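Report on one structure; see the data block that follows.
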Amino acid sequence: MTDIQRIGVAARYSDLVIHGDKAYLSGYVPESTLDQGASEQIRDILGQIEQSLTEIGSDKSKLLHATIWLADIAFYDEMNAVWDGWVLPGHAPARVCVESRLADLDYKLEIQVIAAL
Amino acid sequence: MTDIQRIGVAARYSDLVIHGDKAYLSGYVPESTLDQGASEQIRDILGQIEQSLTEIGSDKSKLLHATIWLADIAFYDEMNAVWDGWVLPGHAPARVCVESRLADLDYKLEIQVIAAL
Amino acid sequence: MTDIQRIGVAARYSDLVIHGDKAYLSGYVPESTLDQGASEQIRDILGQIEQSLTEIGSDKSKLLHATIWLADIAFYDEMNAVWDGWVLPGHAPARVCVESRLADLDYKLEIQVIAAL
C-alpha cells in the first residue's frame, strides 16, 4: 500500500493529494483577481499552482497533465498567450482545454494538473 | 509491465480499471433516482462509488481525485450539502466541479474518481 | 524519482507524457476531417490515438481511462457507434462522456486517454 498525503485539507476537498510519485491537484481558481480579465486570472492560477508544486518539492518541469476549463471558449487566445510563456520549454504537459460554466460567475477559468514529484 | 484488471466490463466501457495501486472509475451516473433531484442523485452516485471501492478492497478514505459534472451549475450548493457530509474528514480528495450537458437529460450530475487501493 | 518522457513536445503542450508505466495523452482533436461529421471525426481521432500508443509500445488493449467531450451531446449515438466497434472486447477503459464547447467550432469532439505501457 502506497501512502497518501493530503495538503490543504478541507471538508470539501484537498488542495492536492500525493500518491506514490504523483500529485493530483484540485481545480485551481482565481483568488486575488476575481474582478479582472482572463490574462490576470490565469497568471493568478498558475502562480498558485507553482507555489503548491514548490511546497511538495515538485515544479513546473514535472507537469504531466493539465486540464483547462474556460468559462467562455472566447478566452482561448488570451489564456494561451500567458500559458505559452509560462510553460517551461521542452517540458509542456499533455493538455486539454474545453469550455464549461464554472462554480462562480467571476471565474473566467479553472485549471487542474497532475504532476510528478 | 503492471497488470491491468477491469471490473464491470462492457463493450463501451468498464466500470473501473485497476492499474498498479490505482483504480480509475468511469463517470458514475444516477441509476435509481433518474426522476429525482440533485440531492437524491448524488446520494445514488456516491453509494455506487462506495460499493465499487469496497469490491476492490478500497474505500472513500483512499480517494485521490474526483471530477463532478453538474448538468446545471445551479445544483452546486445542493450537491455540496451531500458531498461535504459524505467525505471522510481529513481524507477529502482533490476535486474539480464544472458544468456540462450530460448524456441523458435526466442526469443532474456525473462523478468520476481515481482511488488508491 | 521516476523519469518523465515527452513525445510531440510543443510550446503549448506535449502530445503525450510518459511517467512510470503510464502515458497521459493530450486531448486529441480531428486533423483531416474538420469539415466532416462526428463519425468521421471520431475515426480520425481514434486513429491518431492508436498511432501514438503504437509509437510508445502500448496499444488499445492497455487503455485505462478515456474522457470524451462532445461539442453537442446530440452526437452521442453517432460517436458510440464508432467507439463501440473500436474498443477491444474485454479491454474497455473506464470512460466519461460530457458536452463542452471546444477550441475550434469545427471540432465535433475531443478525446483524452490515459494508457498503460
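Letters A, B and C mark the chains as written, and numbering starts fresh at 1 in each.
Keep this in mind: a residue touches a chain if its C-beta (ideal position, glycine included) is under 8 Å from a C-beta of that chain, and two chains touch if they have at least 3 such contacts.
Bear in mind that the values here come from a model prediction, so they are computed numbers and not experimental data.
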Exercise. Just how much do you need to spin subunit A so its Cα atoms sit on those of subunit C, in degrees to the nearest 5?
Worked result: 120
Exercise. Is the contact between copies subunit A and subunit B built from the same residues on both sides or from different ones, judged by whether over half of the numbers are shared?
Worked result: different
Seminar exercise, completed: So, in whole Å, the Cα centroid of subunit A is separated from that of subunit B by 21
For this session: Among the residues of subunit A, pick out those that touch two or more other chains and give their numbers.
Result: 69, 100
For this session: Over in the complex, which subunit B residues touch subunit C? Could you list them?
Result: 1-2, 4, 6, 9-17, 19-20, 24-27, 67, 69, 100-103, 110, 112
Problem set entry | subunit A residues within the subunit C interface of the complex | 21-22, 62-66, 69, 73, 76, 80, 83-84, 87, 89-100, 114, 116-117
